[in-house]
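Each of the next two complexes has chain A plus one other chain: chain B in the first, chain C in the second.
For the complex of A and B:
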């Protein structure tokens, strides 16, 4: 699995990220680092405990990271989630959290597949 | 209420007027009564004074003569005078020396023995004689032989009568004029005059007018009203008063003139002086005064009434105005209430419509998802479901976007994000978005650009797109299959000045049109033509309200609509846009000869003009046949066109057929370009086969023409224009980066590190502030600040840093955040940050801004 294929699988824009980070090596480094990022766990935990302010920031951070890495799909849903939580909890947030979770899993899965491919 | 007030005011006005009239009348009456009384009193006082004066005067005249008489009597040496003519002669000399006209001795028997002056008959001898006998001095009247009245003065003889003589008194006479000249006895209506009468009313001295012998007779005959008494009563009262020796005062009327009379006793006599004074002069003075007083009173009354009336009318007017204002305010409030009710009802209707509109695609999504789940193995079925789900969700998204925009507008939060916009790009974009829909409905779609010289303007491109898209998609939506849609852009001078340009945008269709009633509410929020077509079409009905808000309220333009039901609709949008400051590159092409073929004459002319402005001379033709003729003629002359622009849709022979014929006639060398507003993907194959060299998409801006034609000049293709990167070398600058996410930090650090910057990481706003505080002054050259961070956010951190007591507290702070709304930018600047960069990180932009702000 190539990096391009990984981007296609996770719904990202490879050309865009290449324009920003300039080398495949750099992209690869940061894409792999994405799995270590704790924002997603923070989001889940905050939603669970009802700390929506924290959840907003977590969603916002995910959005920022996704934008930097051009993870378009997850970036969009996390952006929508952060808007839904910007002024406290709104009912739309629940559905959006599910969407973010699903797309995060999709993204993480793609990256892991890529990781295995490069390792192997 | 109105009537009541007016009635009260009228009533009180009349009341006040009446009161005024009454009070002033009573006052005047009282005053004139007072003045009448005053006249009476003054008259009485004046008359008594005058009568006293007259009587004093009379007395003094008599006294003077009496003194003379006494002296004369003193010269008589003895009683012998009666016998001695010598002595008598001496006495006569003495008497004449004293101007006496008559001299005589008065006997005890009443016989008057005259020494000179002639015989005199005494008028009323008895009282005269009696008084003299008793040794009193006395005055009497007598008549001489010529019947002339003579005034007689008697002095008791110093030598009492003896046997030898019976003389009891010495009598001298003076002409009556002596006394009457000294008393005013002429009757005159202007001045006072007097009579002298006896007790029985007979005149002693009278005026010429009083021809009767007795005053009482005159009273009976001539006097009118005597202060309420009859003449007889008056005579009685006067006689009684005279008998008592008292003074008498009264007034009477004679010949229409009012007189005052005063009667007093004269000394040395049985006579009474009656003085009359006509009221005439005094009366007229006082009457004048009274009438003046009356006039004055009336004037005052009039002034007071006038003032009252003025106040009253002013008040009435004010009351009316107040009432009217109240009524107007009530009507306004009523109108506002109705409007609010209407808006509320519209909102409710809208909500019920919306809930239906939202539920429909939502149900489709839910249903299709269920079907897809049930048919997971049937790939075709799943694909079909997914397609439908995509359609429904797009539709749903459109609805929701509209509602969100509207709520943003209604809460006043919609702001414009002004940026440089290329009209060409905007219109190109819109056209490419609309093409699929137009194609699906097989509509005739044309875009016409008329001499747009300013392609780059300052505007919010997203909102401008929204407006154009809304107008166009409405036109497409409400125009039946095969209908026509026409979009035109032209520019004109803006009244706002040199830096602005006025852009007109017209969107015309031959669709179903709108009813007049609907047009009235076209731009209202939550309105939608409530007819059968709602069932056929979809939407929130907010599109036009949003469009109107963007064009009119936010961009300050105007929007106009003309429509006939069944015939079509035409929208005109006018915007004054600021010209963007871009250096338009020189767009000059070689001096080619070109042919433009289009069935729209206007488009031909406009395109020829645009071509002329970039140095190309062009001709035009309206159909394929004549274009072919023109090209062939030129070919024969050996003066071929360099390039031919052909419209695809032409009457008769279409563009492709024409191209084919031209190729047959002229060979393969000549470039032929096809103009079209449609997506040419589907005709590309046919076109290439027919010998079409390339395509130019409508609208034909100057730059569109230039960029499409320059490839035939042999010049290099336009390079992607990039701003010349002139940013300074910032190697070694210390930058503090506040960012809570490690991954983002690493990316930023990596990218900016490559540019030679030295970065320190602060995990949140609090740490950022602490690190900055601990650093030596001037260590950091700038701070890049994330906004959303735990513990302390970017706004607060900036405010804290700006308030520190440090020389470098005003170092550049640049916000870096994923929130890129205009409001966020504004808030960042409000907090004291220098600039705002939207994520994802763009190294060039970051370097540009750092270069700009680092000193």
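For the complex of A and C:
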């Protein structure tokens, strides 16, 4: 699997990220580090415990990272989620969390597949 | 330890590690990158590194303290004037942008980051600020140079006048010092004249020109040794108006200078008097500008204390008396008060005047000038020195194994050395420590309050305090001594700005002292008081309550030798410890129990009721067994009612009563009676000790 194919699988915009970061090496480095970021775990835990302020920040961070890496799909849902939580809990948040979770899994899966391909 | 690097330092404050790394990668190797993962850490880093940091990249949404919080603190401390901030954020709402610009950010970078844009904006901002810093130092040098040149020119000019006048040149200097001192006193006393430190500086400098009009006075009149004729006096008096006219004739550009305006007032009116009897205009009271009033007084004072052809030099004291007594014309009562209240200060100032002070004054003026231009905060060189000190401090702080701390009131923050933070289990930086639960918990609310009160109660003259308390160090409560120095600002009045200090572990030495004290006062085996201490305590107690009913009993363990011989010394010790325990149980709080001999004990009881039932009860409770050994005691008792409150007499009586019991078969108690007088003592030495006294 190539980096381009990985981007296609996770719903990202490879051309856009290359235009900004200007180095394939750099993109690859940060894509692989995406899975180390703790914000997703923090988001799940904060939603679970009803700490919506923390959940807002976590969604906001995911959004920021996605924007930087041009992970368009997950970037959009996490952005919507952070808006839904900006001033505390709103009912829309529940459905959006589910969407973020599904798209995060999709993203993570694509990155793992790419990881295996580059390792092998 | 700190790495010394020539690279410019950029601080990235962002809660996402990924985002920080991406930015760091984009900026590449040209800069040294410092990272902070929330606002608090960012502020701490700014506090620690100051203007070493060339640029801050600041995220908005962060835990603990967000980007706006950081900007607020940077504004409060005026760091924002020296350290540029670029906001990074996915927030694009215009209110955010506006608020950030209002708080002094230089630029915005929005996500997603574009490598070229990030690098370009960073480079531009860093360059812009570097250029500005260079300009600041250039301007500061120039202001200093200008200040120096102009005071030099004034000095030369006034010396020319004095030289012609046959004076030493000290007159101008003295008038300057007097004018400055009196005006400062007046400013503190009243705001009637709206004086500012800048006005005082201008008036004092202008005072040097008060007699320039004398240039136009013919030398024969100026230096005439005898009395003036009325015509000559009229010529002489013209010098004030002439001086004013000379200044008025200056080109327009100069006439509006505050210095020239002040000099004009002084030249023209420094011979006016409060009651209107002066010259040239006969102005009275506050029609005379305050500048001229002050110089008039200074001029008179210095004339009195200087030698002239027609008079000797009067002493400082005498000159003040003559002025206050109205012998030299009338002056503004407020100004006279200033003179009277500051007579000592004036003498000190005049005596202590030298080139050094002159320099200090110049430096103060430079500082004031710099202060006027808000954008000019300090010269480059001062900043370098400051950085050097900061580096030195953090280097030594990192090396030392000491808990050192620094507290600032604004922003409220405690900084600990790395070693100290670990020791106390606290972070190196705590914002708002008085409301931080963790540090309140670790250090104890009482300690905080005690320490804060002690520091607040200091004065700039005596800023050092010591404070002893128990602190949780490495999870163990230990005695510590906190030595701290409060820091006070140099404003008037001084403000308490924080403190620096260190925590010294005095636990071991304190415990040793406690232990030594305990060893010196207690019997090592039984833990009861020793004889010497018991005696002292009993004497104190008897002296405290001379009317109390006390009983002193000496108790001897019967057949103790047998216990030792049969079961061994270890067993014997066990018996003694057992008995000591029993004794402790049957006495009350104020009572005293001691071991006074090998197998002898002593107790002092206060008896509210009858003595005998109490003794009876104690005697009964001591009987019993220790393992195989049946315990039986003999007891001799003496009371203060019978024997008085002299300890030695009381002890001797109890001892003799005990002897009587021993002789008549043991296992009983007896009160002393006169028939026992002259009997022997039974007190035996404790192993390894001298026989007890008495």
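Note that the second predicted complex is superposed on the first by the 120 of 120 C-alpha atoms of A that agree within 3 Å, B and C clash if a C-alpha of one lies under 4 Å from a C-alpha of the other, contacts with A are read in each partner's own complex, and residues count from 1 in each chain.
To be clear about the criterion, contacts are C-beta pairs under 8 Å (C-beta built on N, C-alpha and C of every residue); 3 or more make two chains touch, one makes a residue touch a chain.
Note that the structure is predicted; figures quoted are calculated from it, not measured.
A.B. asks: Do chain B and chain C fit side by side on chain A after the overlay, or clash?
C.D. replies: Once both complexes are aligned on chain A, chain B and chain C clash.
A.B. asks: For A:114, decide between first (touching chain B), second (touching chain C), both and neither.
C.D. replies: neither
A.B. asks: After superposition on the shared chain, which partner residues are touched by A:39: those of chain B (first), chain C (second), both, or neither?
C.D. replies: both
A.B. asks: For chain A, give the residues common to its interface with chain B and its interface with chain C.
C.D. replies: Residues 20-21, 26, 30, 33-34, 37, 39, 54, 56-57, 60-61, 63-65, 67-70, 79 of chain A touch both chain B and chain C.
A.B. asks: Which of the residues in chain A come into contact with chain B in the complex?
C.D. replies: 20-21, 26, 30, 33-34, 36-37, 39, 54, 56-57, 60-61, 63-65, 67-70, 79, 82
A.B. asks: Of all residues in chain B, which touch chain A in the complex?
C.D. replies: So the residues of chain B in touch with chain A come to 740-744, 746-747, 750-751, 786, 788-790, 817-818, 839-843.
A.B. asks: Help me check something: in the complex, which residues belonging to chain A touch chain C?
C.D. replies: 17, 19-23, 26, 29-30, 33-34, 37, 39, 54, 56-57, 60-61, 63-65, 67-70, 79
A.B. asks: Could you list, by residue number, the parts of chain C that touch chain A in their complex?
C.D. replies: Touching chain A from chain C are residues 15-19, 21-22, 25-26, 61-63, 90, 111-116.
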